[in-house]
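Listed below are the structures to be examined.
You will see subunit A twice below: alongside subunit B first, and alongside subunit C after that.
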Partner chain A sequence: MSKYRLIHRPALSDKQPFNASGIGLTALPEGHVIHVLAEQGADPSAMLKGLAEQGHSVRYAAPGQWYIVGDEPLADDALAALLTRLTPHAEGVDQSHGRVRILARGPMVERVLAKGSGTDLALSAFVVGRSTTTLIGHIAAHITRVEDHAFEIMVLRGFAESLWDDLAQMSAEFAA
Partner chain B sequence: MTSYRLPKGGLIDRQSPLSFRFDGKALSGFSGDSLASALLANGQRLVARSFKYHRPRGILTAGSAEPNALMTIGSGGRTEPNTRATMQELYQGLEAQSQNRWPSLDLDIGALNSLLSPFLGAGFYYKTFMWPGALWEKLYEPFIRKAAGLGKATYEADPDGYEKSWAHCDLLVIGAGPAGLGAALTAGRSGARVIVVDEHALAGGSLLAETASIGGATAAEFARQAIAELESLPNVEVLTRTTAFGWYDGNVFGAVQRVQKHVATPKDNVPVERLWRIAAKRALLATGTEERPLVFGGNDIPGVMMAGAARSYLNRYGVAFGKRAAVFTTNDSGYALARDLEGAGVELAAIVDSRADAAIAWSGKARLVKGAFVSDAKGGKSLSGISIWKDGKSETLDVDALAVSGGFSPIIHLACHRGGRPVWSDTHSAFLAPTKLNGLSLAGAVKATSGIAACMADGAAQASALLGELGFKVEPATFGAVEGDIAVPAAKAVWSIPGIKGKAFVDFQNDVHRKDLGLAVQEGYGHVELAKRYTTTGMATDQGKLSNVNAIGLLAEARGVSPADVGTTTFRPFYTPVSFGALTGAYHRDHFQPVRKSPLHDWAAKNGAKFVETGLWYRSSWFPRDGETSWRESVDREVRNVRLNAGLCDVSMLGKIEIVGADAGEFLNRIYSNGFAKLPVGKARYGLMLREDGIVYDDGTTSRIEENRYFMTTTTAYAAGVMNHLEFCSQALWPDLDVRLSSVTDQWAQMAIAGPKSRTILQAIVDDDISNEAFPFLAARDVSLFSGQLRGRLFRISFSGELAYELAVPAGYGESVADALMDAGKQHGICAYGVEALSVLRIEKGHVTHNELNGTVVPADLGFGKMVSAAKPDFIGKAMVDREGLVAEDRPQLVGVVPLDPAQAFRTGSHILAKDAAATLENDQGYVTSSCYSPHIGSTIGLALVKRGSQRHGEDVMIWNGLRNEYTPGRLCSPVFFDPANEKLHV
Partner chain C sequence: MASLVSCPHCGSRPKEEFTVKGAALKRPAPDAGQERWMDYVYLRDNPRGAYEEYWHHTSGCRRWLVVTRDTATHEIADSRDAALGVPETRA
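And now, the complex of A and B:
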């Protein structure tokens, strides 16, 4: 089977981008998502800052936990190198296929997400770069404000289609 | 003689006429009308029949407390019964139907009930219809239900959408009347995040019915300008048509917004109602007051109206509520209406003031009668006159409209939703809100402040103070001078009116009259909670907004105590009815619950899978082929093929947890009852997890991938629970251990490849040597696939009892890898198999699932006694697993069970009886936990938990299904029906 051509199938491959005047939904490329788990008492902030300066996007996940995300898949050697860089402060777990990222962008994005999330997402309360884990309707998701009017929504792969459908419904009133 | 539209005035748009129908009759109104104002403008006074006596009823109020004018709006799936005409905005083509009448509103046969009213007093149904008892359900109750009631819900599906939304603010202002606007302007100008909610379409509250001016503008124009300013501020959100219905923990308020209830054809992409959950750092209740009715004879005749409502119809809607009117008041507010009526050219026959010492000056044309009462109203479907009682003498006055004002009750409902009780004030003759409300303050009339200027100033001051607590420095807003302001001093409440002859209603919606309350006290139901249940006062859709205070006053008089001693019934959400649609939101039909899809879902679908919901997962259940006519036929084929050749099953739904850290091994050793400390790298082990009480919690395999990296699988059902359990153990029980956890359930597409040809098939894609020598039973490690194109994790574990593997690959490649395996396995006879075949295979092998791990069993019950380590110093469950009851000899133990006659079957859940025992629960010996048809055995087989089961192999028993009355002679046996020596696992 050495010539067998493996096909990567994104979880949201059947979903077309949703574009409306107030809100747009886009499935982000299934690049890489690394779950960073710091050793208790360790301070990996300098290491994470260094990664961020080198172009990695770092998202806070929980006390002692972060996600490193990006649009490009990591080859085995690149992944291994990144995991090695995390040590000794932290361990990394590859979640590149387990988490799906959706970009919600537009002037009505806060209104759309407020239909599912109890988090206060006003710009004054939830600044660019801030992340949290919240329910969007019945589905748990990790959201990060990436621009004034844009959020990255990260969800378990198995729920990705369902969340997309919910978000599309929540966005419907802002379609023309 | 009736109500009519004035030639000018009001906030309606006379350039925008609207046509509508009431009981099929074509009528017209204007944009800006409510259904109630439009009906009145058309002279339609009779709008409803009462609940019990079917008495003619008219419009009593202009707001949400309306007890009478309940109508059914719309048709088909959009039918909405019990809509208050006073809250329904008029729109083109609106169809309204009156309720609880037959054959028509004008000629209602049910009105005969009035003739029987002497026999239909409070609690009549507790005393009558007692015999013959059999007729209650068949005759009496259906008849009573048919004869009384409100509107009927439709059976058709609602075509419209609903949704829920959260909102957050520094200050929530509830009510946009004088106090609310004063507060909102103060807060809005400060830059604080402000939300203003008002239940009406037009914000302004009482200002919309006022003739006073503020800063030179009319009160209504002031309100319009204030709202325009607020809506222009980016930090302020004004939600009209939005009723705040509840106050909850965390200072969260529930509110329902009627987004599209005022349009003829709702837009498909916009909800008709939106349920808000508003989290407010501070909230200000500026809900004003409710005017009280007065309890006199015939006070429910159409044409009798609350004075404030009559003023609202006059000034806001340009509708006069009659041509020759009278005002009956206990306080100064009635005079404002009297002045406005005369100003609008409506003939005012008299002002009847209960106060002999009323000090207010009256210079109008109407006669003023002080120290007098309206004792009775006359008329049938429309008011024709009133009786005025003064000093023991009665006179009759011909009028077609009567406005009444019995004082004011602050609308404090929300302030009482979190446990606080209303407090009676003799000074204000009213129940006031409790004090020390955490996060909620009151402003304006709701705390008995009177007058526009005073209420606006109070709202502004309250907002300033509340925002000051949050760090905003803002001065209270100031407003121009108020000309024509009326401050109404508190007046003594009037509960009982002398000289009454007719039926005097306390609760209009439930047809409770004053004698009913007297009867309640007389029969021992004088406590306010008992009186409510006995008389039904304060029940139904209006929840006694108008009636409760009068009922309490009358109960107090009857008992000879103060209203403070009677108290109120408990105030609970919802303030006004909330539709099921709003409560459901968007979560119905396809969005009822999330769908969780395996990465192999599409692979299964294209192979023809039939899916079954397992929790939120959609699992492939079986894969029918052409010519197969039943699920059993497909499943039997799949089972045989796995045992003969090979099969591929999607097991991605199993919980998968990656455990890393220097102490991960020690952590697992404490989590599982069996040993994990010495698990070598590259090996998997089956583990049992116990609860603290020694009962089995979950099972699964855990593999050591690297020195300090483990890969745990859990059952599908307990995946989230086990993750929570591990987090708790890590964070709370053993924070000293270096253990870190990550759920990787969704990272991996995992497939079981089972059957004697599985190795051959797998080897076609796995680059590493997976021979028995190189990759023996329970081997587990990362492998290279497709000549290095991909890395996966391979586990040689078996749930089927066959030579088997589980291969995990990154989820995005799952479908492609499964396709490759099916392609490679085609020549070897591979088939896809589903969860049904999986279940048959595991039952044949005697493997347990949560059918057996049912929350009552310990390891020894399952034959896993050796998996409880005696050597380990501690693990979860160790302290309790040896309790007396858990080691008793007669505990249920796992056994196999087969029918004596292979042609006979039995069902899961059937009970086990000793062979000749009677079929009673006392003789119950255990039950069948799992069963299936086994193609291998050629009959139904089962696993069962049976008393002393492990010692009873070979014993004949009776398998009894009491629900279906089925008896199947059977025999207990080993739970392992297939390859008991486990030879196939090791080939």
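And now, the complex of A and C:
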């Protein structure tokens, strides 16, 4: 048996969230992240629209790829039911253990993210609900505008602490 | 000239998000002969001017693109998804 006790804890549980007038950072609950991959030639958009209308958060990722995310963990039967709904248009892969979401919110959020990403995040070009994958510094992250001045930033779990530290540093001038 | 590369899916992005594979050449037939295959694998023209290259949007949509780039000015004339096929003109 291992000498060390393995402790299951959220990747960002050590990080101190903050909420200043310019910018705030919060680690979102490690609920569920389902990576959706379309079958070749299939168009799952109608099926995904149906899921969104039922309250699922569906995020575009790339041609033929989406994420379904949420704050609540999915029990085995709920996950199985969701994966069944995706077929035959697409396959789903449970990435809940592998990707972590951070909420960045505040009037300075574009200014903060512009320090790390070359993506045009102006509200006119990147509307609420739009998603993309981009580099923030050296770390690839999936970002979604969830409000006029709020972005959900999803990152591989192993990079979550580094990205948090980078975002905190990028926010420092607006978080005093 | 900033090193921006346009992705047909993601828009204009810094080159750091991409990986370059090199010239977008038409793959010879399996039985095209040793000489054709030597050319395909090892020989490049290195032109000054327009050049078609495979670029992978590694830190973005992760799609393979064919980018038409000017090797002298880095101006990008065209960028499209590689899954749509390589034009016959570069055969």
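The rule is simple: the second predicted complex is superposed on the first by the 168 of 176 C-alpha atoms of A that agree within 3 Å, B and C clash if a C-alpha of one lies under 4 Å from a C-alpha of the other, contacts with A are read in each partner's own complex, and residues count from 1 in each chain.
What we mean here is this: a residue touches a chain if its C-beta (ideal position, glycine included) is under 8 Å from a C-beta of that chain, and two chains touch if they have at least 3 such contacts.
Predicted model only: the values in this text are computed from it and were never measured.
Chemist: Applying the document's definition of touch, where does A:T26 land relative to subunit B and subunit C: first, second, both, or neither?
Modeler: Once the two structures are laid over each other on A, A:T26 reaches no partner at all.
Chemist: By residue count, which of the two partners contacts subunit A more extensively, subunit B or subunit C?
Modeler: Between subunit B and subunit C, B touches the greater number of residues in subunit A.
Chemist: Which partner does A:I7 reach: the first (subunit B), the second (subunit C), both, or neither?
Modeler: It touches subunit B, and subunit C stays clear.
Chemist: After the superposition on A, what does A:L135 contact: first (subunit B), second (subunit C), both or neither?
Modeler: second
Chemist: Is A:A172 in contact with subunit B, with subunit C, with both, or with neither (first, second, both, neither)?
Modeler: first
Chemist: For A:H97, using the defined touch cut-off, is the partner it touches subunit B, subunit C, both, or neither? Pick first, second, both or neither.
Modeler: first
Chemist: For A:D76, is the partner it touches subunit B (first), subunit C (second), both, or none of the two (neither)?
Modeler: First partner only.
Chemist: A:D120 in the overlay: touching subunit B, subunit C, both, or neither? Say first, second, both or neither.
Modeler: Both subunit B and subunit C are touched by A:D120.
Chemist: Where on subunit A do subunit B and subunit C both make contact?
Modeler: 118-120
Chemist: Would you pull the subunit B residues touching subunit A in the complex into a rising list?
Modeler: Touching subunit A from subunit B are residues 163-168, 193, 267, 269-271, 277, 279, 586-587, 590-591, 593-599, 602, 617, 658, 660-661, 708-709, 735, 738, 740-749, 764-765, 786-787, 789-791, 810-817, 820, 823-824.
Chemist: With touch defined as at the start, can you tell me which subunit C residues reach subunit A in the complex?
Modeler: Checking each residue of subunit C against subunit A gives 4, 9-14, 16-17, 58-63, 81.
Chemist: Which residues of subunit A touch subunit B once you look at their complex with the stated criterion?
Modeler: 1-2, 4, 6-11, 30, 35, 37-40, 64, 76, 91, 93-99, 111, 114-115, 117-120, 122, 124-125, 137-139, 156-159, 161-163, 165-166, 169-170, 172-173, 175
Chemist: For subunit A, which residues count as touching subunit C in their complex?
Modeler: 61-63, 118-120, 132-135, 140
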